[in-house]
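Okay, so chain A shows up in both of these, paired with chain B first and chain C after.
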Partner chain A sequence: MKGYWKYFLNKFGWFLITFVCAFLLNFTLPRLMPGDPVAAIVSRLAQGMSDATGVQAIYQQYADLFATNQPMHEQFFIYIRNVARGDFGFSFSQYPRTVAQVIKGSIVWTLALQFPAIIVGWLIGNTLGALAAYLKGGFDKVLMPISIFISNFPAFGMAVILMVVFGVYLQWFPTSGGYGFDLIPTLSWNFIWSVIVHYQLPFWSIVLIAIGGQAIGMRSMAIYELNADYVKYSRFLGIKDRKIIGYVFRNAMLPQITGLALSVGTMVGGALVAEIIFSYPGLGFTLLTAVRGQDYPLISAATLIITIMVLSANFLIEILYGFIDPRIKAAQAD
Partner chain B sequence: MSKKLNVLISALFIFSVILTACATPTPQTITVVETQVVTVKETQVVTVKETQIVAVVPTAAPLDAAAVAAALPRNETLYFNGQQWGPVVGWNPYSSSNNNAMAISQQDSARVTMFETPYLYNMLDGKQYPLLADGDYAWNDARTEITFKIKAAAKWSDGTPVTAEDYAYTWATHVKYNTPTGAGNKDYIEDIVAVDAQTVVIKAKLNAEGKAVNPLLVSAFVSTNYVIQKAWTEILEARVGGDATALLADPAEDVVYSGPYHKFYTDDTKVVMVRDDNYWGQDASMWGKLPVPKYLAHAIFKDNAAGFVALQVGQVDVSQQFNANIQDLWLKNMLPISTYLPEAPYGIGASLPTAFFNLKSHGLDQVAVRKAIAMAVDYDTIISNAMTNQSATFNQVPRSLMNPTPGEQALYNHEAVKDLQWAGKDYEGAKALLDEAGIVDTDGDGWREYEGKKLSYVATCPNGWSDWQAAIEVVAAAGKEIGIDITSNYPEWSVYQTVVTKSDAPLAEGYDIFMMWSAGAGPTMPWGRIRNLLSSEFVGMASNWNGNWGQYSNPEVDALIQAIPGETDEAKLIEMYTELVRIYLTEIPSFTLMYRPQSFHAVNETIWTNFPHQDDGTNPPVPPLNLTDGWSIAGLYNLMLTTP
Partner chain C sequence: MANVMLEVKELTTKYVTRFKEDVYAVDHVSLTLEEGKSLGIAGESGCGKSTLALSLMGYYFPPLHYMSGEIIINGRNITKMKPDDVRKSILGTEIAYIPQSAMNALNPTRKIIHFIEDVILAHDLYINKKEIYERARTLFETLGLPPEVLEKYPVELSGGMKQRTVIAISVLLLPKVLIADEPSSALDVTSQKMVIKMLRHLMEVGLISSMIFITHELPLLYNVTDDIMVMYAGQIVEKASAKDAVFDPLHPYAKGLMGSIIVPEEGLRDVKLAAIPGTPPNLKNPPLGCRFAERCKYVRPECRGVAVGLQNLTGGRTYRCILSEGELREAYKHEKEK
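Entry: the complex of A and B
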């Protein structure tokens, strides 16, 4: 157990160092972009203003409010102090909404769309990949080209095809929004059904692409494992196929689990393409708008969440690996 | 294994559905509505004192529960697109930062769905029609004061009368808290006073000679800015404790309004307004009835493409966005969709998207170079490609400083400037002009030189503004035809606007030829547009959102721009405007690339019909401004159901 503690502390130390670096970058990088975010706010306010000096006064007012006229290091200390209190400040692009309000409004949609899509895509993809490796023959010959074809599809291409085929031509599913354009949210079957129906196209546009990639990865790993010495040896020993396949897939699963953890970690970044094409609410588009509008507080907050999610997912996986595969722990603890 | 997998997938699916359903407000928001009416003032005053800025939560206004339990009735709801991008931030009429396009927009044709102006501007005839005001306003003989009365029937949503004192207090608040409206007008308006409960006097700021500094802007004020209730303003002031920033940042959920619609529901996906059936405007002294649709709804689309699909499938009735090849919808797809004009340009051009020259770039200080580039540009390609023919051509409406509306076209002498016009795509003419000016290719590399240096420019506009990008490509191609090297570059808007609006220093490298907009139709036009395009008062500003971004300076032009607002003689005005057009077409500090409507306006008549269109018989004519802006709101009273 002592070895495991050493391994754990080592990983935790790296977690902290990475976090500090990422935190610094989260703050600095958006602010290094050329351009002036206050000018964008003033552009909205100045519409219809005929007096030139009035525009200057408004500009100064907002530069003071957002402290963009302060030196960078002072902005950084203000930022740290506020973040420590859980306060990410005002969103520049949606002022006077706060960053917390903006994120709160969209993150649930993102999680609801992304999490199930990632899990379902992962499960179906890995199952198909494993079956292709095991069954070989016709199944593999059909599945492989289809998987390669689908996994290389650009996300927007898949989304547009689904929309045109199932939304515009067949009209099975609606083309935009999170629920019916004519509905007001209520806890009624009418509304819930509308949510389910609107969910389908964005959901499958993500799942289909994920399935292809996962299937290819799992198939390669499984084929490699199926040819490993321990499989041959097990067969000589007369161990049942079912049991051997259990071993094989458990081993082949390891890299896939890492991939899954990373996907789950990055999912708060939002399914940008699906959100844009289906006008689906979510954090991806909010983040894109924030980047375009140089909304520093919103960019920093969103990227901080992504950073924490990815680092935590990686950290947990590393810790779990230590349990699952003693070789890793042993190698790292040396 | 497969059973477990099935169970897992099913569980995940159910989980996702539940999670998605939870993402939207639950009915509590709506069921508490009835109590909200009673408590809203008290609770908001108390809570806001602590936080100063309140969240805009999905809200529903008082309405019978049965109506909100399910869908918005399709035949009572008018759906829009192209106005609202992103979620609503607030309902504060003092602020310009509400991102609440359906309710708040104080502009040349102010949006009057929820808040109202004394007068409504009609871009088709250039007149201001009374709304809250009773009859026309009157200037005094010295043209230093405007007087008008408020209609006796005009009421706030809380039932109290709209008074002259409300209007005076609105102005005083704008000035006291330095709101955009206050800051933008206090150089022209001295004060607004209430003579009695109904009578308003607007006193113009006077110059050294005792004349109004700018009577045009004073008279425009009555149709561009809302009247806000004094009693509510005092509540707002109390809760922000006199802090100007907090006053502008307040989301004003409790605001009192005088217009026919008010907030009903908003979230990240839509905004819905509902009719106030007690609206004062049903009085015989105004409309005599209520507007026809009970709800105005706007789904929040992520881009034009999504809005375009919704228009096609009948989920949008009024479309205020650029829909490429709009005519295909009725000619090829046989959809019941139409525009204000049945043929190209389909709408009324109002603004002039313009290519500005950086007059400090090497060679661009030479008129011959500027004119040669302008002559070589293929405008027909810009209009057919970038605008898919939704712009009048320059053969139909020759370039000037005026938009294509008949009122503005009549303000200058076309014959007097006829010789200064150019056709476009005139490569030979442009080359001859350059040759004559001695700007030729001296080193044989195919590019012309001026003072020994190659003429090489970057033409630019914001990335993603596809119609502008297409236009800039045509400009770049024109340069190559006449031996001037023009390349294109598309920075992000956030960078672009920062560079272009910084007029206190020479423009940065890479901004030799760049596109910006010009003002559309309004009560100060075309004077306001000309001022924005040519006045040197904006040169030297650190944040210049007004215009003249190429930093052109001409004392003769400045004098004319200053003189026009005080001029009342029609003939003299035409003379002055003609002179400005002559200078503009001679010196070419910038040039118009296309005409663009004030608002795009396409309608789907699946559910509603009798939308405004050319020669629709309305008098005064209802302009194609989406039935929400200025006099176009009259269109809401004329709508009919396609199938009653």
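Entry: the complex of A and C
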């Protein structure tokens, strides 16, 4: 167990360092954008006003409210203090809604869309890759080119193709939104069905891309493992083929789990783009609106949440990996 | 005559390559192995000795295919059995195998004891995990391996320890015949010695009844086995007692092989180190006549064109050459004088 603790602490250390860096960048980058968001809000409010001092007063009030008149480092400490209390401040573009309210409304959609999609894509991809390695022949020859083709699509490309084919041309599924625009979120069958129907295209656009990449990786790993010496030796000891296949796929899966940890970030990035294309009411779409409205607090909060999601997923996978691969523990114990 | 443990009659197996070509790596090989005896198989790389080891198991999977011949283990003809019956009632219990590189022979993510459980349970032996553990522990102690090894993963063992663990697992179900395919070739000299001692020990304590030892290291064979069989291009070219095969080989290839020993032992000091020029024939399309003809110093026109059979001498010695024993000895004498 000592080896595992060392492994755990090591991973946790890296997790913290990455988190701090991400936090800093999250805060700074949006604020380096040119333009004055307060001026934008004030000009919207002050339409038709002719009193210059009045406009000035409104500007002053909002600048105080958002603390944009403080120096950057002051803002940063205020930000840390507030974030620690779970307070992300007001949204500039959707004022008077708070950032927490906006995020709360969209995070559920993102979580419900992305994590199932990535996991389903990973599972299907690995199963197909393993089958291709085991069955060889025609199955392999058909699956591999398709996988390579699909995995090289950018996320938005796949989303657009699905949208055009199934949404516009075949009209099987709606092309935008999380549910019908004429519905109010309630627990009615009507609403749930609408959510399910709207879910399909963004979901499969993420799944398909994950399948391609995972299948290719799993296939080569499984081929390598199938030819490993222990397969031959186990066979000659009379162990059943089914059991040996179990060994092989378990061992081939291990690098795939690391692969998942490495690609979770990219996958989430791609999935956010898919949300934007389908106007899915998740974090990706919120982020886009926030960027358009120069909404610093919302951008920071959204990216922070995404960072935390990706880092946690990564961390969890790494921890899990240490449990299932004894070689990791052995390597850490040295 | 002692009990015959393994009898192989005219066994032929082939590899089918990716391009659907047939390569006959084991060509009409016959051999007999008696209880308490060990047989060494020698030959250069690619001569078919490892393929022979795989073929003897009677359990084929691509790219290796069975063609013809019989394998009779302890009175049972396994070439007539269904593959799954061979798996269940022959592999591990009648005939066992030690692979060429034991380094990767164990599943890296499975504890040794769990692997042992898998082996025992695969043979429908209804014993519980506690009994399996006891059995494994007793075996490991008999073979001088620390029982803690059972609770470890293969990565936690040294190379020599891994090899000895593999040997212990191979003899777990008390096989009649043990086939060791270069079990020591990847080890340092100390570990090598331990492995050899362990194999001999297996015979002495009766964990196995007979052994086939495959290697390219001839001095090792001389020390370990009773008889030596020399293979060339998928065929047996000579079979003799270990002493005769090393000090008095008859077949020109065997002669050349013995002359190319790198580590001269006592008594081998005077033998000149010599390489055999040329390369073995391509087994996709082997020559009709003697397969060694292209590299043989004593080649005659008759050697080519007609298949060369084995000549039997007294004492169970055989060799594959058209020349008589006398003619060969004369030629060697002549060579030495030159």
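Criterion: the second predicted complex is superposed on the first by the 292 of 334 C-alpha atoms of A that agree within 3 Å, B and C clash if a C-alpha of one lies under 4 Å from a C-alpha of the other, contacts with A are read in each partner's own complex, and residues count from 1 in each chain.
Here is the rule we go by: a contact is a pair of C-beta atoms (placed from the backbone, for glycine too) under 8 Å apart; a residue touches a chain by one contact, two chains touch by 3 or more.
Note that the coordinates shown come from a computational prediction; the quantities given were computed from them, not determined experimentally.
After overlaying the two complexes on the shared chain, residue contacts for A:Thr289 are found with chain B alone; chain C is out of touch.
Once chain A of one complex is fitted onto chain A of the other, the partner contacts of A:Leu237 are limited to chain C, with no touch recorded for chain B. In the superposition on chain A, no contact is made by A:Trp14 with either chain B or chain C.
Legend: residue contacts after superposition of the two complexes on their common chain; A:Gly105 is shown touching chain B, with no touch to chain C. Put chain B and chain C next to each other and count what each touches on chain A; the higher total goes to B. Looking at the shared chain after the overlay, A:Phe153 reaches neither chain B nor chain C.
Contacts of A:Ala228 after superposition on the shared chain: chain C is touched, whereas chain B is not.
Comparing the two interfaces of chain A, the one with chain B and the one with chain C have no residue in common.
Residues 57, 59, 61, 87-88, 90-93, 96-97, 99-101, 103-111, 115, 118-119, 122-123, 153, 155-156, 166, 169-170 of chain C are the ones touching chain A in the complex.
The touching residues of chain A, when paired with chain B in their complex, are 33-37, 39-59, 61, 65, 93-98, 101, 105-106, 108-109, 111-113, 115-116, 119-120, 123-124, 127, 163, 167-168, 171, 175-188, 190-192, 195-196, 199, 203, 275-279, 281, 285, 289, 292-294.
Put simply, chain B touches chain A in their complex at residues 5, 8-9, 12-13, 15-17, 19-27, 29-30, 53, 55-56, 58, 60, 68-72, 74, 77, 79, 86-87, 89-90, 96-97, 99, 106-108, 178, 180-188, 217, 224, 244-245, 248-251, 265, 267-270, 272, 297, 299-303, 305-306, 309-310, 313, 315, 492-495, 497-498, 501, 524, 528, 537-538, 541-546. By the touch criterion stated above, chain A contacts chain C in their complex at residues 228-230, 232-240, 243, 247, 250-251, 254, 324-327, 330.
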